[in-house]
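Handing you a structure now.
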Amino acid sequence: MTRPNPIVPTVDFDAEGVQHGFLRLPYSRDDSAWGSVMIPVTVVKNGEGPTALLTGANHGDEYEGPIALMNLARSLSPDQVTGRVIIVPAMNYPAFLAGTRTSPIDRGNMNRSFPGRPDGTVTEKIADFFQRVLLPMADVVLDFHSGGRTLDFLPFCAAHVLPDKRQDAEAFRLVRAFGAPWSVRMLEIDAVGMYDSAAEEMGKVFVTTELGGAGTASATSAGIARRGVRNLLVAAGILRGEVEAGETRWLDMPDGDCFTFAEDGGLIEFLFDLGDRIERGQAVARIWPTGRTGADPVELAARRSGLLAARHVPGLVKPGDCVAVIAVEVDG
Amino acid sequence: MTRPNPIVPTVDFDAEGVQHGFLRLPYSRDDSAWGSVMIPVTVVKNGEGPTALLTGANHGDEYEGPIALMNLARSLSPDQVTGRVIIVPAMNYPAFLAGTRTSPIDRGNMNRSFPGRPDGTVTEKIADFFQRVLLPMADVVLDFHSGGRTLDFLPFCAAHVLPDKRQDAEAFRLVRAFGAPWSVRMLEIDAVGMYDSAAEEMGKVFVTTELGGAGTASATSAGIARRGVRNLLVAAGILRGEVEAGETRWLDMPDGDCFTFAEDGGLIEFLFDLGDRIERGQAVARIWPTGRTGADPVELAARRSGLLAARHVPGLVKPGDCVAVIAVEVDG
Amino acid sequence: MTRPNPIVPTVDFDAEGVQHGFLRLPYSRDDSAWGSVMIPVTVVKNGEGPTALLTGANHGDEYEGPIALMNLARSLSPDQVTGRVIIVPAMNYPAFLAGTRTSPIDRGNMNRSFPGRPDGTVTEKIADFFQRVLLPMADVVLDFHSGGRTLDFLPFCAAHVLPDKRQDAEAFRLVRAFGAPWSVRMLEIDAVGMYDSAAEEMGKVFVTTELGGAGTASATSAGIARRGVRNLLVAAGILRGEVEAGETRWLDMPDGDCFTFAEDGGLIEFLFDLGDRIERGQAVARIWPTGRTGADPVELAARRSGLLAARHVPGLVKPGDCVAVIAVEVDG
Amino acid sequence: MTRPNPIVPTVDFDAEGVQHGFLRLPYSRDDSAWGSVMIPVTVVKNGEGPTALLTGANHGDEYEGPIALMNLARSLSPDQVTGRVIIVPAMNYPAFLAGTRTSPIDRGNMNRSFPGRPDGTVTEKIADFFQRVLLPMADVVLDFHSGGRTLDFLPFCAAHVLPDKRQDAEAFRLVRAFGAPWSVRMLEIDAVGMYDSAAEEMGKVFVTTELGGAGTASATSAGIARRGVRNLLVAAGILRGEVEAGETRWLDMPDGDCFTFAEDGGLIEFLFDLGDRIERGQAVARIWPTGRTGADPVELAARRSGLLAARHVPGLVKPGDCVAVIAVEVDG
Amino acid sequence: MTRPNPIVPTVDFDAEGVQHGFLRLPYSRDDSAWGSVMIPVTVVKNGEGPTALLTGANHGDEYEGPIALMNLARSLSPDQVTGRVIIVPAMNYPAFLAGTRTSPIDRGNMNRSFPGRPDGTVTEKIADFFQRVLLPMADVVLDFHSGGRTLDFLPFCAAHVLPDKRQDAEAFRLVRAFGAPWSVRMLEIDAVGMYDSAAEEMGKVFVTTELGGAGTASATSAGIARRGVRNLLVAAGILRGEVEAGETRWLDMPDGDCFTFAEDGGLIEFLFDLGDRIERGQAVARIWPTGRTGADPVELAARRSGLLAARHVPGLVKPGDCVAVIAVEVDG
Amino acid sequence: MTRPNPIVPTVDFDAEGVQHGFLRLPYSRDDSAWGSVMIPVTVVKNGEGPTALLTGANHGDEYEGPIALMNLARSLSPDQVTGRVIIVPAMNYPAFLAGTRTSPIDRGNMNRSFPGRPDGTVTEKIADFFQRVLLPMADVVLDFHSGGRTLDFLPFCAAHVLPDKRQDAEAFRLVRAFGAPWSVRMLEIDAVGMYDSAAEEMGKVFVTTELGGAGTASATSAGIARRGVRNLLVAAGILRGEVEAGETRWLDMPDGDCFTFAEDGGLIEFLFDLGDRIERGQAVARIWPTGRTGADPVELAARRSGLLAARHVPGLVKPGDCVAVIAVEVDG
């Protein structure tokens, strides 16, 4: 027998109108014997219609999602909506408050914690609430990601190629509507523990993004997110209005050769910037040993030709870090 | 009677040719009773001529300088030089290894530690070595800065307006030669504890930079640094060759109204990007409270018109953080 | 096949007389490859009769229990006893030594760790030892609690309302005998992982307390504990002597409206003290924002009338903290 | 030549009316290169008259002062005032936010940091601002203290016996007006680094308190503080109204025998509570060794007769801790 | 269905010749969203023949193994080999880099983590890779241990007494060939989670060592390890050459009386050194209380006669630490 | 005007007989507002005669001194003494309790903190007490050292060659009397901040030791210390009895070539053990890179011939660590 999730929402998901409240998760600890994690949530509902579940800060150091969703939560009124919008701007809320990818409480990576556990860590309890309470309510799921503090991406919206044709088509229709500068068809994924898979396995239409990174958001990248979420809600038939057109280019990362890993630590010197074209065999970056001057750097050669689609951010690199991702342009 | 500095260099600053070595600073501690900090140093000398002292990582999380100086240290040969080049790619070396602005040993901010102390903290001992050993050897001093992990700058090279006309003219001649996209005449400074002031008070020609930030370097910003240091050495008559011409635009930050500070913590949403023009009174950014959805953000209005020249990087802002710097374009 | 618990007791639970020893739990770690946790235990046995299992510091920052049990362990002689008394003054011993609610080793909350695991964390191993070794020996179980560092309670003794009438009646007979100033019938509990449930499910007579808090014990509250444990042992037929009469008043916390949670962090100003009568709708406390002066505080209104039975202790409150518990007086 | 204090106030201390603002102290650090500490301040001014400087959280874990001053800052209007009231509810603001006695930035104990240094630690910079900017503005200074997380006091208001008769008489007149349940004439102090001495040496009338402790404030103790500060302002001729009468009893702590220190660590069992009368030679408390049961506790005997005026709070005591303070009642 | 292990080797275990590479284990974390643990591995293969799997730093602070295996990995050439040698000098590589017994990532003790889990902690993922990928490839397994930072041992090589006569005989033949100064027949073990048991249960010939300790290696102990691993490979028919003869003496630790545990913490004074003969009842060591001078130390008496075979290293001892192990000499 | 030292001794240094007590140093901090550091001290006095001041744990992780002095403090009776013996087994007591070289409170290295400051850090306050209170009482000073956790030494007793012939002769007479296996004439020292210099500059006879290391004491090295301190007291005319003869060999470390520093970090493999004879140019040790297998180690060659007198202990070495000290044998 499965135990119920311990989270107590202070909103009624079935009530009409706008509600701002919390998912209150009891969390007993040294500095508060009867404390809780208070995850902000907004529900906007108006009559019958599909439900969109919108999340940011699945990883706590990714900011375009929270910015777009804080704006949306404050501005969305029921009369603009047909159906329901559930907004959780910071899914891994403890991580978001700490400005870190994972939760400071349990080091939980939310996107590796599904389906979660009602009696597990704080991160697992949140995952379980999404798995068993929120995802079942949803028709469309948008989960914002960016590179976080240690990666930076060309801004793209993406969905996974799925065996169910309707689900696949609907997801890519929404990706197109989102209207990011780049769009990606993700062919295969390491599905273990991901929110993506949890949603898709329930048959939900799931859309995600990578919209920048470096532990910040620019005015440009935040604008992409703000516009994208509105476009997606319009396209999903929930928000009144028109999709604000935007051109997008399609990228693919077909195999492991797209990813370059460091075997050595040191000071990293990039020789290309995001969006630059690189030919196979060219050095993407050099790694300088930090222990002495006058020594040779290690050069990291591209294993395929394409565009630099993602890169490592911190000026020092550690052995095993993914340094660069090279993507190829494809027809949408 | 002043006690001698405890640092033991493994190079001979008066020897001809190229030497790669260390400034060995004894540092007794729990994990090494007879340990040392080993600061890499390169000296390239050829005959008589001026001495350039080149430093990076005065703040440990600023990378354009270390990248340019690691390149230079490996590639510079005595036959290219007339005089002497002393290269310390990571001045606050413990901070550089930690990837932090200040030293993990004593939290010392190198640029607030001058003139240093021979019996002080590790940071103060390094400062004292520059103050009493290296600066006196130098004619020209170039100290690379960038925004570090928490700030991002339009890339510029700068010098201070100085009462000594020759010193002032020579510094700005070198700023021009450096050839960054932007150049800045710094009218006044809070000189307390700065390396800048220490050098200038000795009559040295002192040039500095801010070349980006966000705790990383791009291919573009690293290129500016690599090219700039070579241009400066050529202009200083030390390196053979030609200055590689580059256009620069001059900026000024005339008063305190250029700087916008946050009074509230929260999620920051920038409404402009670096280089964008902002009119006085426009909101530069919004700060969203992180504790709940549906609440109003605080808007931070520009207190003067100009270009966004620097901004806060992390997605969360704390009360008291400098959020934005607005500069005005001036004639060089 | 279940693996045996790794704890090695240095006492023989079946031997007559008084033994002071340890529950030695092997704990290999960085600072002691072959180290152990040494949990003090006292066993006093004299002939045939019931066994009482007495525990304190189930949460490590609650002190009335350890004080009463240290006194009892030192003073109890076999000739005063019929049967057996097993005394573990600090059940979560690592937490007790650290002065924290949970274990510094694994952050384990002992009262959420039952039934434990023989190959789990240190906290789970201790729970497993109680579950499979000590609880089966016991007839009567007294587990001392207080508010710890972050809560403060009106001093009460309590038991759970149970379906087994004999078990229920016997527990409340012992609560009455304990003789705390207040007594509580606990109607329902979140039983997951609790020592209480583990004992009750085995049919044991289980009594618990909340005797103060704020990370300390007063002379008064320690006196209640010292007297209470002796009264309970007398009433259970184990200790010779008379129950030292004490008047008690009965409290009930019938539903969720008894509990007031903060939605905002800040400086907390209580408007009532423990034991004060509050009317529904009155403000129990105010929360002042810490970021600026001149702003309005948030007022927390009581959701039912009654006595202030428990309150948050630290002067700063965090969102989600339980700020106050209001109880109603009932007939015993 | 002394360097100016780096703090930038956002209020004008000479302006009429109410201002809520900040003492902005630039504080460059790893997580904010151009960050600041923002200490809230309120100034209420109306015409000519004396200036009162009111401070709380000199030690960051003492709460009656901040509560009373947050209330006062929000409610005080210029028309109630003749002269000026400067309110800094949290003098060691970083410590207050952390809930700790000393600053989390530099572990500075504010009350051992005077006269401060403009180029010292954050704590020393704040002290220097009080020393050189705020204290010179003041006529009357009230600095709230309580026991903090590790001590608890009978609530008293106090001043130091001073050689200047006028200064002495005026201070005790205000102590009486404050109207705490207990009042103390402090005969001698270890003046090194204290705010008290800094103020008194400038000839200011200085009043202080100890109003409880245990890292919290009760409704009762906060009420004493709220009422006391208003009484003091009325008595000082700054606030319109009447002193709200309250009976006070006078205490003295004449010599070192009042203080009992632990030589052993362990679990502390108090045998008396605050306000209880103790005879010389009686055991005030017992310290139980935490390593084993069955061992004898150490008893701490009172070295003089009197009332228990202060006690150690945490349930575990460390060697060297002050366990108890015994005071004697005297005529006011 | 079991999920595959996430480790990606950069070597081909079936390729002929020498390969130096990595076991790359993806490890997403706050400071590297797409980071990895890079465990160095060397494979030397030449034709058909048995496979030896050689590991060091199962506990990260034990150095004889890593030293011997780094030497072997650099020097071994395929033409010296018949079959295959797989060398992992630092099995718990994160612990090895940190110089700690357990992993700094998850505090995992590698030798209590078998059989591991593909979706567990980093330590469990490494264990799972050995369990399901490397151990099945092996015929002979040598796992180097020493005392680590907190224990010191007489240098010995050992195997477990096993029910399978062939497996048992082969293991002890290799122990003899290893040629450490001491050899041990281990009669029984706490097999839970150990690499030893994992290997033995698969029928592998498993040999282990304890070769010193104190968080270091001496020239002597490293020499034993370097020579021993070569001897073992020769004896196993994999390495060409002769076993370098060495005399060994056999020890036994027959029961719990061999182990002396401290019940008290303090300053430890050993009265015997490793290899000294002790008679039952003699004091092996004294523990001085650290809190005061003039008090009596606790003496720890030997519970059997024999040689001091292992001892606690740090100068301070904690309650529960194993202080001494006494072994008896037996016929090999 | 110098302020008095804040330490309050609980012993009377002028009283006859044996006293065990404390140097109580008030230390206000977050976890004890009115706490103290309690440094154990023993004074044994009998009539007129010289005073010996005996100290251990000047560095907190060196154990021969505390062991010998704990033994001495417990066993020394006044009738054995003529004059006075002051015993402080743990001079840097907080470091001693933490098992670290420097103080956990302020990271103070006691032997770089002289002459101390009465208003400085805890370490500086202790140094000031020795400088201004204890050293002036002394005629003979013995300060025990060993290698601590990160160094290991051949056991020696030493004194400094001094210009004052009487002082020099008396010190070496006591070194000879101490009777360690090795003795050292220290020709020059870095005197800054050392206790040695503080004592010598007052004209005291100062003797020190290095008796082992690796963060522990062996039965042998503790025996050298126990016997040595008694011999020294006898030779100084304070303790009745005979010097227990012991042969000693004299070593010298004449210049900087005796010291070998690492320029690279890695796994260290020693090729010689303490006491081994090394020829100039031979490799003392190898440093293996920890990042990959198959790479060449760095070899550290001896820069002079002699005996290995000290070595680095931890299995991993960091750049700048002193790896080895080579001494030459000389005539005593």
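Before moving on, here are some points about what is shown:
Chains: A, B, C, D, E and F, in written order; residue numbering restarts at 1 for each.
Just so it is clear, contacts are C-beta pairs under 8 Å (C-beta built on N, C-alpha and C of every residue); 3 or more make two chains touch, one makes a residue touch a chain.
All values reported here derive from a predicted model rather than from experimental measurement.
Listed by label, the chains that touch subunit D and also subunit E are C, F. Centroid distances from subunit B, each centroid being the mean of CA atoms, peak for C. Spacing of subunit B relative to subunit E, judged by their CA centroids, is 49 angstrom.
Each chain gets a centre from the mean of its Cα atoms; for subunit A and subunit B, those two points are 35 Å apart.
One inter-chain figure worth recording: subunit A and subunit F are separated by 58 Å, centre to centre, where each centre is the mean of the chain's CA atoms.
Separating the CA-averaged centres of subunit D and subunit F is a span of 43 Å. The multi-chain contact residues of subunit C, meaning those touching 2 or more other chains, are 22, 38, 61, 149, 263, 291-292, 314, 319. Chains touching one another, given as pairs, are A-B, A-C, A-E, A-F, B-C, B-D, B-F, C-D, C-E, D-E, D-F, E-F. Looking at the complex, you find that subunit F touches subunit B at residues 59, 61, 100-102, 107, 109, 112, 147-151, 192-193, 259, 261, 263, 312, 314, 318-322. Of all residues in subunit D, those touching subunit E in their complex are 263-265, 291-292, 319. Across the complex, subunit D meets subunit B through its residues 3, 22, 24-25, 27-38, 119.
Residues 18, 20, 22, 38, 40-42, 61-63, 66-67, 69-71, 73-74, 87, 89-90, 96-97, 99, 149, 152, 214-220, 222, 267, 269-273, 276, 288, 290-297, 313-316 of subunit E are the ones that touch subunit F when the two sit in their complex.
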